[in-house]
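Let me begin by presenting the structure, written as structure tokens, before commenting on it.
Residue numbering begins at 1 within each chain, and the chains themselves are lettered A, B, C, D, E, F, G, H, I and J in the order written.
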Amino acid sequence: MLYLVRMDVKLPATLAPAEADAIKAREKAYSQGLQREGRWRHLWRVVGEYANYSVFDVESNDELHTLLSQLPLFPYMQIQVTPLAQHPSAIASAITAN
Amino acid sequence: MLYLVRMDVKLPATLAPAEADAIKAREKAYSQGLQREGRWRHLWRVVGEYANYSVFDVESNDELHTLLSQLPLFPYMQIQVTPLAQHPSAIASAITAN
Amino acid sequence: MLYLVRMDVKLPATLAPAEADAIKAREKAYSQGLQREGRWRHLWRVVGEYANYSVFDVESNDELHTLLSQLPLFPYMQIQVTPLAQHPSAIASAITAN
Amino acid sequence: MLYLVRMDVKLPATLAPAEADAIKAREKAYSQGLQREGRWRHLWRVVGEYANYSVFDVESNDELHTLLSQLPLFPYMQIQVTPLAQHPSAIASAITAN
Amino acid sequence: MLYLVRMDVKLPATLAPAEADAIKAREKAYSQGLQREGRWRHLWRVVGEYANYSVFDVESNDELHTLLSQLPLFPYMQIQVTPLAQHPSAIASAITAN
Amino acid sequence: MLYLVRMDVKLPATLAPAEADAIKAREKAYSQGLQREGRWRHLWRVVGEYANYSVFDVESNDELHTLLSQLPLFPYMQIQVTPLAQHPSAIASAITAN
Amino acid sequence: MLYLVRMDVKLPATLAPAEADAIKAREKAYSQGLQREGRWRHLWRVVGEYANYSVFDVESNDELHTLLSQLPLFPYMQIQVTPLAQHPSAIASAITAN
Amino acid sequence: MLYLVRMDVKLPATLAPAEADAIKAREKAYSQGLQREGRWRHLWRVVGEYANYSVFDVESNDELHTLLSQLPLFPYMQIQVTPLAQHPSAIASAITAN
Amino acid sequence: MLYLVRMDVKLPATLAPAEADAIKAREKAYSQGLQREGRWRHLWRVVGEYANYSVFDVESNDELHTLLSQLPLFPYMQIQVTPLAQHPSAIASAITAN
Amino acid sequence: MLYLVRMDVKLPATLAPAEADAIKAREKAYSQGLQREGRWRHLWRVVGEYANYSVFDVESNDELHTLLSQLPLFPYMQIQVTPLAQHPSAIASAITAN
């Protein structure tokens, strides 16, 4: 089951650079783990912004919230979730892998 | 080169149902042709709305505009385009096929 | 799996009253069928507006879109869907019946 | 009498983690007390956000404001209240328990 | 129990002037009846707009929705309701008559 | 002459609690003085928010600005003013006392 | 007493050109009469838009609403009113003529 | 003197196609005349929208409004004007030709 | 050439009161100098807000930006500029003095 | 391939003036280098704001994001990107140099 997710990162000015770097490193490792599992299906940078559009493939709303709330950058992000469904003109399936 | 595109369809109340059906049929054929060519990479329905999120893979801004402006439903859609780039944490490439 | 859904109805001025009444009657029957099945869990009127907030309990994004797009008033509604998850302070479960 | 309430939590960066934890613990206890009394009827997490949608069942606007303004997290929340009424197609009552 | 209500009137261009006048006359009579009963406590014109701010004093959300949805101009209005409570610095009561 | 005024209070996190309490005490005294004079005609709490809707009865725009800018909480408030006029269906006068 | 007023004109497509011209001629005569009286102090076109910013000098909110609601284009305009006051750094008076 | 202008075209559904084509032909001729004179310096299509961003080089606000209000599509466009100035880091001049 | 300018002042909580007073004194002197020269034609307080609407009469976009960017409060203001033109119904000229 | 980019700069109050000056100097040098290469085609100041509108001419979305994210002021800017295409009425080409 697919969801489009937009994440905008806003690091507070008071965050020490070393701490910020450590959080970003954990974020990258966490993200790549989920990508390898196939649950974080797509991850794209929004041109010109410290933001991404992602597509997640999970079993439920709860699984998605759990994944997102465990993001190391979660306290510093504004996240917007849009549930997706099969489009009648799509030749690929939105339910199983595409 | 990837672009996220959101399309919201608003058919005018004055459009005859038969004409609407004909336009939708042409839209579906046109869309599936582009999907088979790989230029319309993803097509998802937004849950609860007469709208879709799509990902296009084209060579240039001009190619994308040409594809979109030739959509049979183009006169009845509101379209919003977001250019995408490679995300440093993505394990797939946003430039070639992913 | 729960979703909060807001529906705003906007009937076009050109819709004949008899036709509007027929659509509303079908809408009511359809809605009450889903309520009896337990899939349309809550249905509340927004005070002062021709709008409702509803909670749906379905298996997937696709099931929800199918239910919503078959609403007789669907062509005349603006719909906004918010996926819900279990809240850590909730004493009831958001996943099974509550 | 039912109200839909959305609460968005924004903890200031200057709040010490220990103090934040203490406030959240008091918030949880307070919330669960009201849930057990039946006045905080539903509590759902918004997927991907530090926010909830809730339904309150109280006697008056004043009772609702008193409950909300006594939330331990109240100084750190943005709250939006929507009064609800009985929907003519609802098979459950919005006035007494549903 | 008090509610602030803003009503914006938008008459469709297709409404015949005579019919519009008849609706407005019924609206005025209906409004003045409620004002005399004390349930429509205040009615003010927003300067420069075909809109009003009103204060209603009713027993419940349902009573307010019933009053508003029976307005002859209801199909042509956009209505926004804000529930009000006693302010701790107010010298008048927001609950009983003020 | 009446004006609807909405005030939203946002105290900065850096304001010491004792100083905040002192400002609020002065605000209350100042507000009650104006209420007794009849210039601050209504003062209502917005349910769930640190905000109020008020109605002022003053001689001029300048008098209103002077009153508002002398509020002890003025530096911490966002204020929105809507001038009101007599509504043709109102049975009370918006110009003299109502 | 001064007010800044923005007016956006939106003529419906169904308005016959001859009727539109007649309304605009009445609007011009009415506007110039008020300008000569000194009550419509300034009238400027917003560059690129069928809109104006104006400054009115009137005795009260009610006088302003009466002037605006008698504009021949009133049914086709969206109007936004901002009350103005004397600025402490202004060398001209905002209360008497400036 | 440069201005950035965004124009969004919205043709009413009631406009006959032949008339629309005639207006567009006049628009194109008019636009190309101004481009050749150097007053309409840039004209770009917004990808996916029936809209453009343009840069005009004119002597005054009034000259710009005259040019824009004489556009054959002016009655069907929403136009937004942003005045531009020389940027201190720009190596080209924003005042004379660039 | 006239421009309507809205300025909203937001002083940071960290600005020392003495420094704020010094900046405001310089702002007042600078503003009154421009008013005397006739380039800052009108300066009005927005009722209830730490904001003003002003009208500037300058030779060019660049002259206006230079004036505005040299305001002592410029780093603490949000500024919005609207270019104005002669209105066909205005009896005064928007180009020369009015 | 052209893109319109709007950049709004918001320097945090905690940034030391000397550091801010150093960042701005690097920004200017970086910007002028890209202008000389022809990749930063236009750079205009928005009148009255600490903001610019720019036009970039690059080979791809990724090249644009790389350029923008290396701006010394990037952490302090809000950036909005609009892809541009050839307009059918433009006499200049949007694809090659114009």
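Here is the rule we go by: a contact is a pair of C-beta atoms (placed from the backbone, for glycine too) under 8 Å apart; a residue touches a chain by one contact, two chains touch by 3 or more.
Just so you know, these numbers come straight off a predicted model, no measurement behind them.
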Least hop count linking chain A to chain E through chains in contact: 2
Using the stated contact rule, I'd like to know whether H-J or D-E comes out ahead in C-beta pair count. H-J
Match interface B-H to one of E-G, H-J or A-C, accepting only the pair for which over half of the contact pairs are the same residue numbers. E-G
Separation of the C-alpha centres, chain C versus chain D, in whole Å, is 22
Could you tell me the distance, in whole angstrom, between the mean C-alpha positions of chain B and chain J? 28
Euclidean distance of C-alpha centroids - chain A vs chain I, Å: 44
Please output the residue numbers of chain I that touch at least 2 other chains, ranges allowed. 2-3, 14, 45, 47, 61, 64-65, 81, 83-86, 94
Applying that definition of touch, give me each pair of chains that meets it. A-B, A-C, A-D, A-J, B-C, B-H, B-J, C-D, C-E, D-E, D-F, E-F, E-G, F-G, F-I, G-H, G-I, H-I, H-J, I-J
With touch defined as at the start, can you tell me which chain D residues reach chain C in the complex? 2, 4, 27-28, 31-32, 35-36, 42-47, 52-53, 55, 82-92, 94, 98
Residue ranges of chain E touching chain D (in the complex, touch as defined): 1-3, 60-62, 64-66, 81, 83-86, 94-95
Listed in rising order, the residues of chain E that touch chain C in the complex are 3, 5, 12, 14-15, 61, 64-65, 68-69, 79-81
Could you please specify the touching residues of chain B with respect to chain C in the complex? 13-14, 45, 47-49
